[in-house]
Structure formats: C-alpha cells, structure tokens
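We call the chains A, B, C and D, going by the order they appear; numbering starts again at 1 in every chain.
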Amino acid sequence: MKIEEIKEVVLSIDSNASFKEDKDQRLWISVSPDKLRDVLKSLKDKGYDHLSAISGVDYPQNKKMELLYHLMHSSPRENPYLTIRTEISRDNPEIPSIFDIFAAALIYESEVFDLLGIKFVGHPTLGRLFLPEDTPKDLYPLRKDFKNNVYEVTRK
Amino acid sequence: MTFNLFFGPIHPALKEPIGFIFEIEGEYVVNARPNLGFNHRGIEKLLESKTWLQTGFLAEHVCGICSGAHNGCCYQGVEKIFEIEPPRRGLFIRTLVWELERIHSHLLWLGVMLHEAGFDTIFMYTWRDRELTMDLFEEMSGRRVVYSMNTVGGVRRDVTDAFLQKLKKYCNYLEERVKFYRELVMSDATTLARFQNVGILTKRDAIDLSAVGPTTRGSGVKKDVRYEEPYGVYDESPFQIVVREEGDALAKTIVRIDEIQVSIDILRWIADNIPSGEIKIKFSPMAKAPENEAISRVEAPRGELLYYFKSDGGITPSRVKIRTPTLANILPIIKMVEGQYIADIPVIVASIDPCIACCERVTMIDHKTGESKVMTMNDLRIYSRKWYKEHYKEVRRERL
Amino acid sequence: MLSAIKRWSLKRSLWAFHVNTGGCNGCDIEILDAFTPRYDVERFGIRLVGSPRHADILVVTGPVNSKNVHRLLRIYEQTPEPKFVVAVGTCAATGGIFKNAYNIAHGVDKAIPVHAYVMGCPPRPEAIIDAIVALIGKIERGEVKI
Amino acid sequence: MTTWGYARREATKRFFEKPYTIHYPFTDIKAFEGYRGRILLQLSKCVGCGLCARVCPASAIEMVADEKIKPAGKRPHFKLAECCYCALCAEYCPKGAIQLTTDYHLYGFEKEDVVEEVKTE
C-alpha cells in the first residue's frame, strides 16, 4: 500500500489532514481531534492493526498538547510506519478514547493521563497508573510547568 | 463467588516489582488487574534535563538486563535527530552487543522460567553458561551488566581479533548446550505437563492486544523489528524470524531457545566479516540539535522497544517517550491468565519474560469470613508443586 | 550476656532476603549471580529466602521510589530483631543516576537504617560477597549494636 | 532419551571436570584490564578545567578548591556514592588526568568510606 493510497484514505475522511514523509519509509499524518477515531478505524481496516505506542507532548508556550499514535501494518515490509498526530487545547485536554479500536490503548492512555493529564473520554479504568494513589489530583509530572519537588520521606 | 488474590510487588528471585490483583473462582482465575508503578522513577522527565550525549547513559538504566538495547535504541534515535551515520565497523560492533545481550537475556530467562516450574538444576546450568557471556562483555566493554558501549555516532571501544576468536569458541560451546536444553525441555515429562497448553495466547488475541516480542511470536504472529525494519547490519546478517503456532508457555520457551541459535549464527557472521576502519565519528558533548523529531525502534530481548525524540533546537531533548516491551505485554498476561489454575500463575507471568515480575506475597482473602491467609512466593511454589502432585494424572489426561 | 548469645548465633549462616525498591534490576541479577555456581555464596551459609520473616540480612537495591517506601518500611518491620541491611548499588546509597528524578527518595538510608554499602553500578558479585563477609566480621567483633 | 538419560550423561561429563566454583575471598579474582572500577585522579596532569563535571551524566563530580592546581585553583572531587562508572569523564578529559582502575572492592560501612584515589606525584 503505497504512501499515495494512504493519503487518499485519510483525505477522504479528514480533508485538511497534512502529511510529512521521512527518509526511512515513515509517514507523519496530522489530523483534527474529532476525525481521529474514523481515521484510525479506516486505517485498521486497511491492515494497520498494531498500535506501538501513544506519546503525549506538552507545548505550554502555544497553549496546546499533542498526541502521537504510532501504528504499524500487519505486513510491515511493504507498508510505511505511520504516526498519527492530533493537537488538543491545553486548559482542558480531552479526547475520545480509542480502546475499542486498539485494545492496547487501555494501558497507554492511562499512562498518558497519569503523567500528562489528558482525559480520555470513555476509557473504563482511567486512573493513576504509575504514581501512588494519594498524589494530588492536579499533579502531572510530564507537564513543563511541573516544579521538580523531590519526594520527601519521614525516616523510621 | 469470586475473591481477590493480591499479588504483592516485591519478588525474591526476579527483578522489578509489579502487582496484580486476580479475581479467583475456586481454582480458576477469572480476571486480573495490573497494579504498576512500583518501578516508576520519572526517567522521561529526567531525560529532558540531560544533554544529547548523556541521554544514552540514563536510558540504559531503564532496565538492567536489556541495557544494551536501550542504549543502542536511544543513540540510534539521537543519530536520526542529528542526521549522522555511524561508520560500518561501529554498526557491526553495535549489532554484536545487541545479539550477545539477547543470548545472555534469554539464558537468564530460561533459568528463571524453569525455576518457576520447579526445575532448579537448569537454573544453575543456564546461569553458569551465562557467566561466560558476562566475561565476554566485561572484556569487551569494561563491565558485566550495564555496558554503555554505544555513543552518538558509533561505539566507544574497539573489538580486538583475539576477542573475536574467543567469541567464536564460545559460540561453538553454547551451540551444543542450547541443543541439550532444547531436547531437555521438549522431552521432560514434568516440564511438558507444566508448560503445554498453559497460558495460551491465541493469534487473534496477540494481534488485537498488540503483543510484542517472543510472546507474540509464540502465537504465530510474524512481528520482529529486525524482520520488519532491519536496522544496524541486520539486513545483511543471516537472520531468520522464529515463529511457532501453539501460543502456550512451551511455544514461547522454544521460540526463545531457537532465537539463541539465530543469535549465535549472527555472531559468527559478524566475527567473520567485520570490516576494519574507525568506530565512531567526532561529536562534541554539548552539541546543539536541529529542530527535529525521530522514532527509533529496536528489537529488545523482550520485544519491540520504541523511543520517540522531539528536539526544539536546544542541547537537551524537549521530549523523550520510551515504550518498553513489557508494558505492551501486560494486557496479554491478563488474557492468558483467564481460565487457568492458580498454580499456573507464576509460570504464565514468567512466560512473557517480564522485565517486571511480581508475586512475593499473596494474600488470599475469603469474602465470606473475611479472614486472609498470607502465602509467600515460596509457599505458592510449594502449593503449586503439591497441587500438581495430587492432580498430576487428571491434568495430564486433560492436557496431553 | 544476651548479646553474646545473639552474636554467637549470627556467626555461621545468615539468611538474606532481597528487596528491589524500583531499581533497574542490574544489581538484582548481580546479587543472583552470587548464588549461582561460579561464586556460590552458600559456602558461607548465606541463602536467599522467600520471605522477610526468616531473614537476617535485607539486601536492598534500587532508589526507593514513592510507591515502594511504605512497602520497604513494612518489610523492615517484619524481619525479626537481629537484622541488618546491606544497600547494594549507588542507587540504594544515594539515588545514583536517578538522583534528581521526581519520584524517588534518595537512597535506602532515608527510610531504614543501613549497616553496609556496596558501590558500583552494578557492583560485581565479589564486592557484594565482600560486604556481607565484612559485615559478619563486624558482628563477630561486636561493633554493631544488636 | 529420557530425562534419566540426560541426568546420567550430564553427571558423568561433570564428574571428571574440576569444580566450577571459584572460592572467592580465598582465591582472588582479577577483573579484566579494561574494567571500570575506582576512579584515579592524577593531580599532576589535572588543570581544573571542569569539563568532567559538566559531562558527567550522574552529575557526581563537583569542583573542590585546591591551591595546588595552578591556573584554576580547583580540582574535581568524585562522589563515588553517586557515580554511575560510565568513564565519560575519563574519555573527555583533555589532559587524560582521569583513569578508571580495575579495583572493584567498593564497599564500606558508611557512604563516605568509598573514596576515589588521588595520585599527587
């Protein structure tokens, strides 16, 4: 499935999607958040059934957060490795969850919520994954404005 | 009526702490909930304050056993950000570190996996053969476990010819040992009873849950970064992907044993035609990166390891995302544990070769009376061996 | 008199229990190496036990991370009285390379008292054997308050 | 071959070999010559430039005032309790004053017991 075919598939769903090619057969597609689920669903039907990871990036200076979904085809030698990226606002970051399309997203999305604070609407067990349960609600360490308070311990 | 089985986080034999909460009905596990985070150190935040050269030294401390994979994958990503190519001899030595580490990691796991099933002699045998790999690493890189061999643009230490002859001698010795382990695992009655048809991950589930590494190759899915996207010098090396169809714990064991054999062939090929030349290009420790982003993927001994780098032109990365292979294999554990006996839980959890392992303290809470019986890992092993003694006949009939 | 009996009882074989408080498991496999055929610490009677209740020495690795602190304290309280703690690796001593991470508590001695340190990232199995044998020597000489 | 067959074969083969265990404290084990152990600083070569302190990934080197170093007046102090023994300082030291010896006996009863070697000749 050459790169042009993928572009047609994505453009048919989200008209203002933009593409960036990489020299070692990688394609970066940026899509608007509300079209994300349809793009992922159609790509999964085309054979992109392996969700490698979800990366969250925080841009405090222009008030937005970015999510990158890394996808791989079931026969990866002929098809490029995809990265779908969407931007969401930073003050109340919310995006529909995709755990029903890719079951692996259950853990990746709760990790991104735990460390970056992006709420995934519809995620069944969204909660602290890595940090202890008693961490304060608004403390998200991977945000740029997180002040690095080292954990204090009361000695026995 | 189900009650909860809390798998406590600290493990006497294995490594990082992880917890599971299993819902039990009689002898069968119904559901499992992971309880992660006992090993979270905030490395991604720390990486944002390290210069481009220092990131690899922090990345290799993510996991002590596959530190070479993390180190190589991190510097491969940094090289993509700077758009520089290491010299060929550097790539050969980097691939040599990756493969030698896969051998030492699989040998370590084989010992621990059979130790979980009660076969302690193999634990001693495989870890003794592994000592020779540690000597090779110490001679080549200066340290037994965390080798820090790679740097941006190549490798830090060269490899002498005497070392390559020693490597080939070791490969011949190990090849004969691996044949012995393979025959033993395939023919030993108790191992077959403990591994065959236990913790089955069907091909459909493996693809749906995006499992990675030997866990998914044991269920018939052809997924291996060296096969999909050959990096380093894997495209010229005699690499063949190892896949088995059954999907149970035995299939995963055989996939890993065969992978040791493939690694031995690759090491022999590297020892024979490694080109001469320098091993790294000049790189200043305080270099500024162009504004760029890159994904670097490497096949760690446990599966596909992914690094995402984002740089905004400074001397430190602005965002580093690390997705370790074990994080992708957590959901398959939950799928594999459903419908199995409690006695099989240590074997199933060990079958994905968790870089995070669990179950030191098991508290059985009986919902009716509310009193809880505390069982430690050893009690659990004794319990599973005793349970197998009584139910051995019936289990064999049912499984074989 | 009682401490003389305690000191005599600790002379021979000390049972060790290994606690990993979130480290990179480099030190853990080096500790396990000490129990495999090449170094075989069982010559000194040191054995890895499965529960802190039967342990004399707690071999602790890893920079204590925030979720592990309360478990480490609980395990320290469960070990019976004449107990010693050996912190293996620079992470256990001062947090090592993860020093300014947000989620760690800078070493084991912030949570429990430590009797011997082994530096190295990870230290060689011989260095771990050195530390335990030196600790046994120190116990025999009576310099450690039991 | 049944498991008893393997057991017999393995036992007879191992019977004639010498034991694999090295009795460590009684017979010493030498580390390989490239091993990265205790850090050795040669004061005569050091000029106190501080590059090692900036390059160290674990930031375990702090510059300590020392009048013997003529131009800069300070020399690196290696905190071995925080060092990750990666030898990056030895690699990037312009004067080659830092070396990592093969001494791996880095144990002590206090954190401060483990110190680096300083050669002043």
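The rule is short, and it goes like this: a residue touches a chain if its C-beta (ideal position, glycine included) is under 8 Å from a C-beta of that chain, and two chains touch if they have at least 3 such contacts.
The structure displayed is predicted, hence computed values, not measured ones.
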Pair joined by the larger number of C-beta contacts - B-C, C-D: B-C
Separation of chain A from chain D, taking each centre as the mean of its C-alpha atoms, in whole Å: 42
Cα-centroid distance, chain B relative to chain C, in whole angstrom: 26
Length of the line joining the C-alpha centres of chain C and chain D, rounded to whole Å: 21
Distance from chain D to chain B - Cα centre to Cα centre, in angstrom: 27
Touching two or more other chains - residues of chain C: 37-38, 65, 67, 97, 100-104, 121, 124
Sequence positions of chain A contacting 2 or more other chains: 131-132, 141, 146, 148
Residue numbers of chain B (touch at least two other chains): 37, 40, 42, 45, 57-58, 61, 128, 146
Arrangement of touching chains [line / ring / star / complete / other]: other
Set of all touching chain pairs, with the criterion as stated earlier: A-B, A-C, B-C, B-D, C-D
Of all residues in chain B, those that touch chain C in their complex: 8-17, 37-43, 45-46, 49, 57-58, 61-65, 67, 108, 123-124, 127-128, 131, 134, 144-146, 355, 360-361, 376-379, 381
Contact footprint of chain D on chain B as seen in their complex: 50, 53-54, 57-58, 61, 128, 135, 138-143, 146, 148, 156-157, 180, 183-184, 187-189, 285-286
Complex interface listing, chain C residues touching chain D: 37-40, 43, 90, 93-97, 99-100, 109, 115-121, 123-124, 126-131, 133-135, 138
Partner chain C, residues of chain D touching it in the complex: 20-25, 29, 31, 37, 57-59, 79-85, 104-111, 113-114
Residues on chain A engaged by chain B in the complex (per definition of touch): 24-26, 49-53, 55-58, 68, 70, 72, 74, 76-77, 81, 83, 102-104, 106-108, 111, 115, 125, 128-132, 141-142, 146, 148
